[in-house]
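Alright, structures below, take your time with them.
Both of the next two complexes hold subunit A, though its partner changes from subunit B to subunit C.
Entry: the complex of A and B
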């Protein structure tokens, strides 16, 4: 890790890492926010001259400056979690381990946390995020490892994972006057075209064929009642991987 | 030693806030009851007399003083060592164990800090206990020695 051997140099490695876990943990309930940060600063042997301004900076970062002198037991769940984030940053870690950091947080607080994490990554910090919230993973992670039943299933960027699992953009066109002639035209357009009830024509394709498909429908005499483009998500890719894994196990 | 000092301060703050007075009273009562029970035994069972056998084996006729030393040692063991041993369990319950494990602080200064708090607290309690025992000491000094029964 960063040129250090965690087994031979655990002390040096610990100085450069920190951990933030979800679920209101990792801070002392009967101490104030500032006291908690001071204590953990001592555990990391941070000089007082550095620690004092850093505590204030972190309290401001997580929006707890006004509650710094309040005991954690009087904090709301979100405030406790935000303090836990500040604690995780007390040693200005080069590598940050995040274990479900937004678990149980209100949406605005979770969004703020994601902003903080994204900012850390932009500043060159290494962030390892473990999460079941796939939208969060998709938003924050450049490289994703998929683990299922304790086994490593796949790895790559979210886009690569989606491509690997055949998850592509879906174009959904609603035709108000669907006729056998239009059906034949769209089937001839691409073999991946699927006809759904209600005059809906779906095409899942790696290339963007929205314009070409709608043109083909109009040329066949079709009238467009609606157009929907659904981008693939990491969740789709994970579900596809999960299905494949189940098939392998079966 | 900043970790030891910080842990001592943290333990003091947390204990004071969790048990503003009951912690100290509660632990002190352990010694008070130990000596009190011995005092009751001395008065109600032994009739206030100290046997020559006890005097011979203990080397003193000061029965309550003898018990007080034992009670003090017992408090040191229970509250000094046991509470220090309990430090890790408390961290686990509080959910702070993970944060401690990833920190570079070594275990010894952490445990020394916790021990320093536990032993300081129990030293004050034992001092109070001895003061109380000393105040009742004159009552336990018997003007005569009873023979062995």
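Entry: the complex of A and C
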């Protein structure tokens, strides 16, 4: 980790890492928000001159400045989780472990946390995110490890995983006057074309064939009633990897 | 020192912040002291008691004997309570964070015990000092013996606390120690009866409890006017026992942390 051996140099490694986990645990309920941050600052041996402004900065970052002197037991769930985020950043870690960090958070706060995490990554921090929220993983992560039943199933960027699992853009065209001639034309266009009820023609293909497909339909006498393009998601890739319950580590 | 200050604040907020804690700090020890005193006081009327246990024949000296015992017990049992509270950090998830931080584990468990000791014992200690003064039973060979008495309770108690903390934070099932070290420690260490009056096997159990040695030093120095030379054996025994407890704490922390890394059990509660 950063040129350090965690087994031989655990102390040096611990100074450079921290953890943010979801839920309401991992802070002291009878201490105030500011006292919690101060307590953990002492464990990380942060000099007082550095610690005091950092505590205020972190409280502002997570929107708890006004509640800094309130006992944590009086916080809402979201406030407790935000304090946990500030606590995880108290030692300005080079590597941050995030375990379901947005679990139970309101949507705006979860969005703010994702912004913070993205900002940390931009500043060169290493972030290891464990999450079941695949949209979050897709948004934040450059490299994804897929774990299912305790086994490593696949790894790669979200785009690479989608490509590996055959998840491509889907073009869905609704034809108002579907006829045997049009059906024959689109089947001849590409073997991956699928005909769905309601005059819907679907094509899942690694290349963008939207223009070519609609042209083929029109040339066969078809009238377009609708056109929908569905981009693949990481969730599609994960579902394709396994039907079993999966854990995604990114 | 930073970890010590941090633990002191945490203990104060988490345990000692409430006014009701006065009950466990003063009222409860006082009730136990009164119960013991009034149970043993009729012994003074027993024929021949002055030959077998001279203290028992003098109600004021008997009370001083029992008060020193209660003071010593308050010191040591506060650390049992502290270790019990520490074990709850597994449930709050903060135990994982303590072990993820670079703070020295032995320093954390010592600081936790020391902070609990100071905050739990100061009130009863003040009461005991006031009582000894009022009873006029103190017989000290040299003023420096007060420092010896203080250290003879503090050092073994802190080592005892570190040992208990190191056991309780790794074992979810070690809470039975809380029960085991309550009345049995009170009895085997000679808190309310002189050790010579106890059966041999109980004396053997008491000899491995640091409270026994601490009480021997405290009573010898404060009530019997013994000096350093008289108490050298007890003090050496306490030093060895304290060292052994700290060593055992280090070993327990290393083994416990290695096991926790292997099994991930710190997340379980």
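Operating definition for what follows: the second predicted complex is superposed on the first by the 242 of 250 C-alpha atoms of A that agree within 3 Å, B and C clash if a C-alpha of one lies under 4 Å from a C-alpha of the other, contacts with A are read in each partner's own complex, and residues count from 1 in each chain.
By our rule, a residue touches a chain if its C-beta (ideal position, glycine included) is under 8 Å from a C-beta of that chain, and two chains touch if they have at least 3 such contacts.
Values in this document were obtained by computation on a predicted structure and should not be read as measured data.
After alignment on the shared subunit A, the placement of subunit B and subunit C results in a clash. Of the two partner chains placed around the shared chain by superposition, subunit B and subunit C are both touched by A:43. Contacts of A:31 after superposition on the shared chain: both subunit B and subunit C are touched. Once chain A of one complex is fitted onto chain A of the other, the partner contacts of A:61 are absent, as it touches neither subunit B nor subunit C.
Using the contact criterion defined above for the overlaid structures, shared-chain residue A:17 touches subunit B and also reaches subunit C.
After superposition on chain A, the stretch of subunit C that runs into subunit B among 57-65, 201-209 or 219-227 is 57-65.
In the superposition on chain A, the residues of subunit A contacted by subunit B and by subunit C overlap at 11, 14-15, 17-19, 21, 23, 25-31, 35, 38-40, 42-45, 87. Residues 11-12, 14-15, 17-19, 21, 23-31, 35, 38-40, 42-45, 71, 87, 97 of subunit A touch subunit B in their complex. Note for the complex: subunit A touches subunit C at residues 11, 14-15, 17-19, 21, 23, 25-31, 35, 38-40, 42-45, 87.
Contact residues of subunit B toward subunit A in the complex are 2-3, 5-7, 9-10, 13-14, 17-18, 94-96, 98-100, 102-106, 110. Put simply, subunit C touches subunit A in their complex at residues 2-3, 5-6, 9-10, 13-14, 17, 91-94, 96-98, 100-103, 108.
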